[in-house]
Amino acid sequence: MIELALISVLVMIGAALAVVFVRGLMAAVAAAAVVSLALSVLFAVLRAPDVALAEAAVGAGLSGVLLALTLRRVGLWPGSPSGDGDRE
Amino acid sequence: MTDAMLLAEALGDVLYTGAIGLILLGLYAMVVPRHLVRIVLGLLLVQSGVNLFLVAVGYRPEAAAPILLGGQAIGPVVDPLPQALVLTAIVIGVGVLALALALVVRVKDVHGTLDSREVAERMAAETGDSRLMPETAPGRGAAVPAREMLEDRS
Amino acid sequence: MKGYGRAVAATIFLIGLGTLLAALFAALPFGQAPMQVGQATAVVALPETGATNIVSAILLAYRGLDTLGEVTILFVAATAAGMVLSGAGRGEAQGAPAGFILRVASGLLFPFLLALGAFIVVHGHLTPGGGFQGGAILAAAFFIPLLANPASPLNHTVAMVIEGVSGAAFIAIGAAALFGGEAFLTPLFGTGTPGELFSAGSLPLLYLAVGLKVGSELAGLMARVAGEGGRA
Amino acid sequence: MSLLDLLLLLSLLTTLYLYAFGNHRNAGHLGMVVYAVATGLVIAMAGPLADGTGAVGSTFAPVMLGHVLSWSMDGLGWFFALLTTGAAFFASWYMSGEWNAEQPNKRIQHGTLALNVFCMLLLLSSGDLLSLFIGWEFVSWAAFLMMTQLGSHAARAAFRYMLYALAGAMAVFAAILIVKAQIGSFAFADLRAAVPALSDGLKWLLFGLFGLGFGVKMAIVPFHLWQAPAYSFTPGASSAFLNAVSARMGLFAILLVLGKLIGFATLSDLALPLIPMDAKTLLMWVAAITMVVPTFIALMQTDARMLLTWHGIGQGGYMLLGVLVATPLGTAAGLMHVLNYASYQMALVLAVFAVIHRTGTADLDELGGLIKRMPFTYLALLMGIIGLAGLPPMNGFVSKWMIYKSLLDTQQPLLLIAAFVGTLGTILSVYKLIHNIFLGQLRAEHQKVGEAPGSMLAPMLILAGIGFATGFFPGLALGVVDVAQAALGVELLPHGLGGVYLATGSLNMIWVVGIMIGAIGFGAFVFYVIGNRRYGVHQFDNYAGGHFLSADIRYHFSHEFYPGLARLIGPWYRGSVVNMENGLMIGLKTAGDLWHGAFRIAYTPFYLLVALAIGLWWAGLDGGF
Amino acid sequence: MIGTAHQIVLPVVLPLLAAFLLPLVGRLHVWPARLLGQIVGVLHLAVVAYLWTLVGGGETIVSALGGFAPPLGIVLYADRLSVLFLLVLSVGILLFWPRREHGGTRADTLTLLLLGGGSGLVLSGDLFNIFVFYEIVAVASYGLAASGGNAAGFGAALRYLLLSALGSALALLGIALVYGAAGTLNLADLSVLAPERLSGPMGLAAFLLLVLGFGVKAELFPVNTWVPEVYTAAPTRVTAILAGVVSKLSMVVILRLLVLIFADPGAQTLLLVLGLAGVIAGELAAFRAPDLNRTFAFSSIAQLGLVAVAFSIPDDLGIAAGIAVAVHHAVVKPGLFVIAGHWTGPIERLGGAARVSRPAAIAFVLLSLSIIGIPPFPGFWVKLLLLGEAFAAVDPVYALAGAVILAATVVEAAYLFRAAALMWEPPEGDNRPPAAFPLARLAPTLVLTLLILLAMGAVSPLGEALEAMAAEVGDAAIYVGNVLPGRI
């Protein structure tokens, strides 16, 4: 169990580093979703299934979708018509 | 000190480190980068870190999840209260996130930029002279005279 | 370079803050928190409310006002987001229907997600999950078809009616107790047989209201951010 | 209902009435009647006050937040109240006739005058420290309202005054709150009883705060910068009233709090470390500097009003010095100087405003030769400057002589020299005043100027006459002073109608004036009758260097009147105090800009981060987590 | 005597219920929805007035929601303090009900939610529940801040949101610390347990986090950077509500926390330092503010700093002074913001304002005098109460704070009267005088000015009521005894 926690924390911190420092915002958003997933694993480890479920559904799923939609809307999604890519 | 306690301590260290790491990285992302989306992501990280800490506070080694399958209490359970709190906090978080993103979309719309400093400057320029501007003017804020008025007036 | 100055200053403060936080957290020995209220609740939750999921019992019974507040926050956020975006231009990537696979998949997914969400919501008082998690899935169920075919707008009126009525229902269920001279949100209908679907008194009803409200609000939020908010 | 109630109610109703209906042409007359009645009421109060311990209380005593506010007038307040209502009477008289007819904002002028009178009476009858502070604020703001009447310049000057006054008021506020915290009461008697038990540090603190607060109103150096412009840019009668009375409120408060409650004796026991000086001597030196510096600044003024108001600051120094001597003679001198100053300064200011009324200017470079055009104004001004300069036969001489004498008696030669230097400066500058306005060549544009109307002449002449009468018979004024002196607990000064009678030397003005008039009459007799100088020279009938001068050639020497002195004083003129004030303003602005900028920074969470880090560090300081 | 009137929940759920249904009504037509909103506002006021009749004599109402005895369930707690601020909230929101903006009925919905959330904030007796209601208020205020539909409004709202949400996250961390250390969230329960479990650095750290979190809305230094931006960019009425009412609600929460849980010198010092820094920063920045809106924004930061200083004085009268400052500010500042909202633009352009609209200029002067603290206006008595306490406090640090406040008063007078004096001047150069003030727009200001003038005549009764209220609030034992009878 501790191994799982350790791996999840490592993944989480790594993803969080990516959220902060990676250049593209799309990648950052994806990394944020990874943070949420790792977090939900941690919640499961902590015997909080409700929270894990919520984090996975809301944190990783919904928030990620919202962020992605926003990026698309403000033209930071690589494929968006008038977008200048996701560079800041 | 038993193995179980050592193990719990190690788990605690790992989790606390994770929570602190998320909080610090989130704070960094809110303070240093200037892109508003990045700042929003930083906020997300801080919230996640706090949530993790809150759940970790309620953890108890060798206790079951607070769901009484079969309708019976079997042994100790981990503290359900922080879990309920975190559940609430997560939903609050997503609400705030959605509003933040809506504002991001709109700020991009009206200011033409998502750079925090530029937005601040444009706002200062706009509110320097008059209050209500026609809203359908993306990228407005180039009103130089208004900016001058904000400068030193003896 | 000015930017670096800030980064360096922030890093210094953050390192200091991290040390302090570590020291602070260390003062709360892991796994040994007093948590007296939590444990007390865990003991009495089942007999008092009839819900086997203690977290749900806390959310709906002991801390029902929190939950009301929480759905309210979503509602506030949705309203505010609607207001903020109501004058905005349409999203940039509108109009182009998604590919065949997504369309078909969304068609298949819709009933599945709907059923899953509903299941999670109504079993919230028994098993992990509940109004929020289920509501999120319901929201996805309604939102994915929208992604697949942007031309078919989310029916805002329906969403709004669900949103308003379910919120009002939550308050109405809570306020019903007031007329009996009890406090707001006092569970009704007794506890039933723990573990059964129809148990835990009015809690499943509350969770249903929460699930519907959360689902409609989240769907509305996503639709608005996606650029569908112009008409609401 | 006591007499005090009646007095306060009367002035309050007058204020309300005049604010509403002050535009009526009879407002000035109404004011005269009211102030005459008020003066009568004040005089009627004298009876119970004469023995020094009595007081006329008010039945109005509201309880505010558990503090009973009380008002009661003792001899000290009575003395200043008499001054106030009297000055208001003359001011109102001045405004009753032609002046009244030509002013655009009569309602405000009459209303603010009445308001000031009311507020001052309230202050003068305050019965505890809290009502004293409330009265103090009222007086400050009422004066502010009076000063802003003319807008622009006046408003700026008034604004400056307000900042000074408010800073002073805050010092007073702090002081009374400290008193309250220490002795648990706002009552005068409690403070008086508790003073001996207070620590030296606390006494210094109270001395400093009260001295600062009340000193600002008195315009003692270095808090004097506001006064001259603020008083000068106020219209006519209001200006005269402010000059005569307003700054005296500071003296009243100093006498009441530092003199009566804390006690000048207590102050002289407060020794400064390192240098041989105590708190009282320190204040006396401040008074001495206030006598000298503003007087020489007055010398440099080119605006008649500014010249007079700068003198007003210096004259305040004499009064403060006199009362600080604290002997029967010194106290009487200081208090008498208050009355004397009020009479001649009012006459002077009213005369100058009469000149402005006729010529439209008070610029000393733009006037001259008005003696034939406005002879009665000239007479009033002449009598006034004689009083201001402290020369016989006017009353200014009596009080100044008493001040010199008290300094001599208490062996303070340095202060005596300062007083003489101040008087010298006064004499020099008042000559400039009368010369530049009335003597010399009449300007072409003033050929048609006529004498001021009777409604304006009468008050100033009567005031000048009072100045002469109390110079001739100082006993008239000393009798009034006795009441205040008794209330202060100072031994009464032995005096008669003609002057003071002391073991160390007496002054009998009846003899002085008598001899003077006799000598002057003899001189005139010699000059006019024996010397046969019976015709006057026409004002334009002049020549210089063998040339006859016509009226369009300016030969009237008025610009840069004292060039040598100007070179001497010039560097001091905009000196350290002005720089200090500027520096303070610049510092304030810079600090404001810094904070303002800090709020405009783009990365606001940064503050949160910093505060959090520092706060947590601080929280962990004692004992760690 | 404890009444267990469960109606206490009505001020919370009534507006929420109406808010949920308002969009449906608004779907039909706008005006019935707006009418519904305002009717509920009036109803709220009526309920609050009724509650006042219940608690006005010193009684308290405790309602354990769901019938679950505290500390397991959430309790709502109404004493005079709570109901007083409910009253302020209710009246403030009714006076400044938002105008009809382009967002249809959404502003009305948000206002109702603000009303309900704010009511919950002052009534709640549970730490996390307070957090939830705080978030409702916060999110509603983000939305309202952007409701002007102007570009600056969106930017300001976003930056406000980011700061405030970060603060909330930190407050949640503080709550986590409190729960981790004490194991309960009920304020009364915490009050009993705090001396044992939350004393020392841990409690101080938790308090710091909570104050920095809740302090965002209370405009506490240094988390008040959003204030000038939002108050300038938001619609006037929203500004009036945020500055006048919402900030006070957060201060009430901080007061409850301070009195019940963190009643130790460290926490008091912290609040004193933050409050004093706010006073200094606010007054100095206001001194250099370019327009009236920013002037008042900064001045309100300073006033909230005064409240914090007052609350930090370890004495019941300090609490009374703090409440007095808060209520006084809640009455005065919205009125001033209405004026600032109409006369925008640089202060220098105010020339001629008094000629254009004398009532507005006079109201400005009267309210300014009161806020500076000139007798006989209520502001003076408020300052007397505050400073009297500061100078009487045992710790000489408070006397120093009092001196700073006195000095700040002079600065305050300087900038307020610079503006006031300008109003009576003719316009500078060929500037036009500011726009005339329609009486309808000025009405709230006039109402509030009248209120101030009326309060002048009732200083003593008000002061006594305040002191009684403060004595009740300041005694944690009363609170604990009411919520958890038998624990003390």
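For reference, chains read A, B, C, D and E in written order, and residue numbers begin at 1 within each chain.
The criterion applied here is as follows: a contact is a pair of C-beta atoms (placed from the backbone, for glycine too) under 8 Å apart; a residue touches a chain by one contact, two chains touch by 3 or more.
From a predicted model like this one, the values you see are computed outputs, not experimental measurements.
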Least step count from chain D to chain E, where 1 means the two chains touch: 1
Hey, which chain ends up farthest from chain C, C-alpha centres compared? D
Central chain, going by Cα centroids? E
Of B-C and C-D, whichever chain pair has more C-beta contact pairs: B-C
Which chain maximises the distance between its CA centroid and that of chain A? D
Centroid spacing, where centroids are CA-atom means, of chain A and chain B in whole angstrom: 13
Can you work out the whole-Å distance between the CA centroids of chain A and chain C? 19
Computed distance of Cα centres, chain E from chain B, in Å: 25
Measuring from the mean C-alpha position of chain A to the mean C-alpha position of chain E, what distance in angstrom results? 37
Spell out, as numbers or ranges, the residues of chain B touching 2 or more other chains. 11, 15, 17, 23, 27-28, 30-31, 34, 39-40, 53, 56-59, 65-67, 77, 81-83, 85, 87-88, 90-92, 94-96, 98-99, 101, 103-106, 109, 116, 119-120, 135
For chain A, residues contacting two or more additional chains: 48-51, 54, 58, 62, 66, 69-70, 73, 75
Could you list the positions in chain D whose residues touch two or more of the other chains? 589, 593, 600, 603, 605-606, 609-610, 612, 616, 620, 624-625
I'd like to see which chains touch which, written out pair by pair. A-B, A-C, B-C, B-D, B-E, C-D, C-E, D-E
Quick check on the complex: what are the chain D residues that touch chain E? 62-66, 130, 133-134, 137-138, 141, 148, 151-152, 155-156, 158-159, 162-163, 166-167, 170-171, 173-174, 177-178, 180-181, 588-589, 591-596, 598-601, 604-605, 607-608, 610-612, 615-616, 618-625
Going by the contact rule at the top, pick out the chain C residues touching chain E in the complex. 24, 27-28, 33-38, 40-41, 44, 48, 61-66, 68-70, 72-73, 75-77, 79-84, 86-87, 157, 160-161, 163-165, 167-168, 171-172, 174-175, 177-178, 181-187
Chain B-touching residues of chain A, taken from the complex the two chains share: 1-2, 5-6, 8-9, 12-13, 16-17, 19-20, 25, 28-29, 32, 35-36, 39, 42-43, 46-51, 54-55, 58-59, 62-63, 66-67, 69-71, 73-76, 88
Going by the contact rule at the top, pick out the chain C residues touching chain B in the complex. 3, 6-7, 10-11, 14, 17-18, 21-22, 25-26, 28-33, 35, 37-39, 41-43, 45-46, 52-55, 57-59, 63, 66-67, 69-71, 73-74, 76-78, 80-81, 84-85, 87-89, 127-128, 132, 193-195, 214, 218, 221-222, 224-225, 229
Complex contacts: residues of chain B adjacent to chain D: 27, 30-31, 34, 39, 116-117, 119-121, 124, 152, 154
